[in-house]
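Common to both upcoming complexes is chain A, partnered first by chain B, then by chain C.
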Partner chain A sequence: MASKVSPEIRAKYTVTIGIECHVQFKTETKLFAGVANDARDAAPNTLISHICFGLPGALPVLNKEAVHLGIKAAFALGTRPQKYSAFDRKHYFYPDLPLGYQITQFTHPIIRGGSLTIDVDGEQKTIRIHEAHLEADAGKSTHPAGTNYSLVDLNRAGTPLLEIVSEPDMHTAADAKAYAKELYLRMRYADVSDCNLYYGNMRFDVNVSVSKTDVLGTRTETKNLNSFKAVEKAVEYEVNRQIERLEKGEQIIQETRGWDDAKQVTFSQRSKEDAHDYRYFPDPDLPPIELDDALIDAVAGEMPVMPDEWRRRLSGLGLDVSQTDSLLEGELDSAEVSYLLLIEEVIDQKDFAKALANWFVNLEIPLRNDETARINGDLTNQNRLRMYRAVFELVKTNKLSSSNAKVLLTKLLAGPEVADIEDFAKQHNLIQESDEGELAKVVAKVIEENPKAAEDVKAGEMKAIGFLVGQVMKHTQGRANPGVVQQIIKTQLGL
Partner chain B sequence: MVWPAIADIVAKVRAGELTASELVERALAAIAEKSDYQAVIAITSERARARAAAIDAAIKNGETVGPLAGVPFIAKDNFLAFGAETTAASNILKGFNAPYQATAINRLEEAGAICVAKANLDAFGHGGSTENSDFMITKNPHDITRVPGGSSGGSAAAVALDMVPFALGTDTGGSSRQPASFSGVVGFKPTYGLISRSGVVAMASSTDTIGTLTRTVDDLAVVVDVMAGKDPLDGTTIDRDVISYTDLPADVTGKKIGVIKEFMAEGVEPGVRAQIEKAVETLKAAGADVVEVSIPSIPLALAVYYIVVPAEISSNLSRYDGQRYAYSTPDAENLEESYTKTRASGFGAEAKRRIMVGTYVLSSGYYDAYYRKAQTVRTKLINEFAEAFQQVDFLVGPTAPTTAFKIGQNTDDPLHMYLADIMTVAQSLVGIPAIVVPAGMSDGLPVGLQIMAPARQDRQLLGIAKATEKLL
Partner chain C sequence: MTQLTREDVLKLARLARLDLTDEEVETYRKELSAVLDYVAQLDGVDVAGLEPTSQVTGLKNVMREDKVIDYGMSPHDLLRLAPKSQDGQIKVKRMLG
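Up next is the complex of A and B:
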């Protein structure tokens, strides 16, 4: 691993980062063949047709759904799709490329322009999109260690990909990570991909260069990163490696590099000298994609609210970035639950909306992610809203402590819908005791049982009052209102 | 023995007067009898006999049978079909048994036609004589020392030799029209996209079309009507005519016909020119309004064709890499060798020549000078043909500058060989339909008149061809 470059040396360099991201579209079938697209649980070479296998006479036929998702992706990237786009052939020989060429959009991509905004340590940065094009994935080659053969699985051959190419607008590893994450959220919201990073549904290639002048330095491209962390670490590693080389007076070689996740290092794969002449030319088997405004507008009408718009709508609630992100991500995990719509429904009641957001972030989302927790799947969004509102009212009127509110909500989320929630809370001994007469008796008893602590409080050691309050809570099974209890203790001790 | 009209054959089959099995046996006997001509690479007798038996049984059971019930045919060996290997006459595809069939074959089979054999061709369709076949050279039915034309030479010869009532060819730059002219049969290149290319070994995707070869225009129309129309397996297919292609407006009276000036210029053999002029006079006499039309860029078409087509060929032949099916070199030490040795020994000289030319014109640094410029001229040709069709309903001209040449005459001179395509490539680049009908003989060898129509006017073209055929 490259040793850390000192901050002083580091500060002399400008880092420039551009990212190419391959997003696997969640179409039923492949980009150019009527074969199932989801290869996750399929045995090798079972999802193939004459097209994926590159048989003589096999012709690609464009999958309309992929174009539809391409249009959605354009809106997700903050732009409209191109009205004219077309496919080209990119030639090279490899066993997992059955046709001897990849079908891609080289000259006329379906998306040009667009941008997205990222938040890095509270600073808003806009990252522009250069273009995004549709292309067919290659198959998968594996080279079993210690053997003299390779294996090819063509299940993935022909899977539709959208390659999103950013402008080189990022300058730190944190920028790169935030961009990758935002891209992920947008693609998930647009519902164009399963976005499962483990299965390679999104793969990132990072282009990194460093320079002490206005002229960009020689860049390296580190390919096939499949986690946000890897994006961040690979950029960080490359920045350090490149600066170290330059400081030693060495050159940066323009090359493709890989990422070793175990060793947390990048390594050289091939240099520019090995670069192919891909002999791009328009694919004569595929008519161009021509989209009219009516179709584009119709798809615009299908677009869900995107993460940036949600952030804007939630901005008045004073949530921090991680809370908002947790809501945005939690929203996607189960189709029947909508945290964001519920918050939005009550956004004018700011206190309740904020409490709701906090409960979602701190309670319901973790509960839903906890496999051992029980959640009643029959509760509708409106059931839940009514329930949360009732609990909110109990807290507001001091009938329920905030910790007991969590206990209550956990029970409510697990069981059938409850008609009278206050009554339900009482049955479970969760309602706060604020009756001063009742509490005074308990306090007197606790003071009597703990004379040392009482003396300490009287001597001005206020830490001890917490102990006494705790004892009262214990006697009341947590139902006492701690504020009221503290007041009574003070009164009884003559303070 | 000459085959009756396809419509008559089908009528008799439907009526139970003739069986599909008898027809298949007759075709197989004719193929065996004329084997010296080497028109056929493989016969599909087992499958043909089984299909014939099934059709005969269906008729016996009173089931309805299609418009080609029992009609035997031969498919050029670049059509993927069951019953025999599909080789495209190339060693690199030797041993390839197609796991699916071409859409054209499927549609013909659904209509009751029966494929009895696979015809010889210039390997992958690269050539105009069948001499580029890796397996055999087909002989001209009119003179065994001459070529039948190509690349669909086997198909044209098979029809001319009465092996079958019709044969399928392909036409990328004249590959059905020129052999029709050389062999004395009717040959048709449809509008690009009218008949699906799915399951046909690709030569040049932007000009490949499915050709049909028959004795008469009427026979051709029945076959085309079965195959034409959109195919979900080929994104470049177009809608067919709503009217049957057998419903032909067969009248030349008042039709405006343009003779392409550039096709009648120097370089056309006098005997060919004489037959074409005679045919034009006949059309005039029958009431056609004949004028001379110029398409100025036509002399550039051959150059454009031999850039665009090799470019696409070099790409389309990439898949023959020895990694998945058919020929693969037995002695490779590594992947690189597997590729290079398989392709070096699997492809013939002409395929290699075209792969090299195509690779060159697509290479970075040469693309603009060759491929892009060629496409620009192609657009110019499209516009000039469109302008010509503003003035006339149809265009006519010869099909090739010569009649069938001697076997071996052009084999050492590929450029001279390419000149045989000079009158057929422009139409392919433009995508319009063209048909060749026999227009007499020159020194005992057939001459074909080529008639062209605007894109998608295939039915009108067949109509005028039928009328012309009657007159000549």
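Up next is the complex of A and C:
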């Protein structure tokens, strides 16, 4: 929507944003029932049990793996898990919640504290985590159009979620988007969730308020955003909407809002007057979780390198933020290739490491996401490294131009594997002609064929030299070294 | 003496999804006030230095392996327990968006 709020008015307000994110854990079974968890392709109400249905006498039993993933998530958020955590009942009545309450951790969450760092336009910002708790998801309801009923599918009821609650440390829509992306990366690297946003594996609720004073304004919560873009747009919309209201002398109503992705607007869902009184109390069916240091330390030892640590390790290569992010995201595209480990292996050879990073970012990662492109699946990481190194050496010794390096790598990546890469490049006419005797003949011919351009160059029109170089490149099918060609042209024209 | 208001009772009724007659509201207003007074005796107990207790069993870390368990109940059997169903789904009064 076109904002009616001018930048001058906008500047008078401080925006405060906090985000709650629900992450679906990648367990085999539900949080409290031994029932399969992956509801994506399952027919409605086929992944259910007496526990999911909340039948009288049914007892929940905690899934050990969900606790394990909770510990990993704590490390991913830069903290250690709480040694003591416990479950509470949060009461509300809704048809997709057969128990009449949601099992969650209200008083003793498994994670408190932690933080992550985001980079917004070159500025590093630390966003603190308030807490994160385990809880069971509700079922799914649909409302067939033109009927007076709703349908409930309980496949998703009881799926383990980690709800991560940030401190209100964000102040712009860009902050919110960067935070959501960073959470995504960390949860993916920690391997606690598939993080498939399309399937709702990560859902974001954004709390937004604006104020002209030090006192926080009334906030709204926009729920169930399932893309980074929606997070950004919903914040932007709410900030404008709230400022417009306040400027008109109206109040902000504390309420829950939804996001209409088609119209790109938020809309009121329920007001504070209707907000539930949840009547939390400890769930007597579930004994508390007590973790000892030995277990926590053992899980710490399983943790892979997290994105922030990778950024630190790559920092010497002079990559910009978007290149580093491409590498961090590209790393997740394939289980077989580890771009980051390969770069790290050669990190002390800075020029090669940098070239490698650039080729990954600009060539291999885009190729992998291009459905028409082919990448040899049998190419091992070590052979990949050998291949890139051979190409790097050809470029370094001026035998290969940087554009032909990309052509060569594209062919090599498509496979099958090639033993002698220089020979292969020669066969494909990709090796640069640096033999000055040969090149001199071609240059002489080009000058003869293009007397006008040659005169222009002599008259000081240096733009024309580019044309002549281009002609030489054409004659040599791109194999000539442009720097050498330019030098020969100048010599032959007596410059 | 606790004196619940009529609004207190109506709020509780709404949270519990109960539809009360005026007469019932008045009955529960009195009865619930008395119940609260009875429970309020606990406020007189000195709990200084005591940890809040949510479990009295002494159990902790009761967990199961992350494996599918055959509970011997088919989805069909469970679905039959719902008052109404349609196309494998539980049919309920329409919920507002």
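Everything that follows uses one rule, which is that the second predicted complex is superposed on the first by the 492 of 495 C-alpha atoms of A that agree within 3 Å, B and C clash if a C-alpha of one lies under 4 Å from a C-alpha of the other, contacts with A are read in each partner's own complex, and residues count from 1 in each chain.
Throughout what follows, a contact is a pair of C-beta atoms (placed from the backbone, for glycine too) under 8 Å apart; a residue touches a chain by one contact, two chains touch by 3 or more.
Because the structure is predicted, anything quoted here is derived from the model rather than measured.
Shared-chain residue A:Tyr198: touches no atom of chain B or chain C. When the two complexes are overlaid on their common chain A, residue A:Arg279 makes contact with chain B and with chain C alike.
By the touch criterion stated above, A:Ala43 is placed in contact with chain C alone, chain B being left untouched.
Contact with chain C, but none with chain B, is seen for A:Glu65 once the two complexes are overlaid on the shared chain.
Touched residues of chain A were counted for both chain B and chain C, and C has more of them. In the superposition on chain A, A:Phe53 contacts both chain B and chain C. Of the two partner chains, chain B is the only one that A:Tyr101 touches; chain C does not reach it.
Of the two partner chains, chain C is the only one touched by A:Pro288; chain B is not.
When the two complexes are overlaid on their common chain A, residue A:Arg89 makes contact with chain B while staying clear of chain C.
Once both structures are placed on chain A, chain A residues 50, 53, 55, 61-62, 91, 93, 95, 150, 152, 277, 279, 284, 286-287 are touched by chain B and, in the other complex, by chain C.
Those residues of chain B whose C-beta lies close enough to touch chain A in the complex are 79-80, 86, 88, 93, 96, 98-100, 102, 197-202, 204-206, 232-236, 311-312, 314-315, 317-321, 323-325, 335, 339, 359, 362-364, 367, 371.
Against chain A, in their complex, chain C makes its touches with residues 11, 15-17, 54-55, 57, 59-69, 71, 73, 75, 78-79, 81, 86-95, 97. Residues 27-29, 33-36, 43-50, 53, 55, 61-67, 86, 91-95, 107, 141-143, 147-154, 269, 276-277, 279, 282, 284, 286-290 of chain A are the ones touching chain C in the complex. By the touch criterion given at the top, residues 50, 53-62, 89, 91, 93, 95, 98-101, 150, 152, 277, 279-281, 283-287 of chain A touch chain B in their complex.
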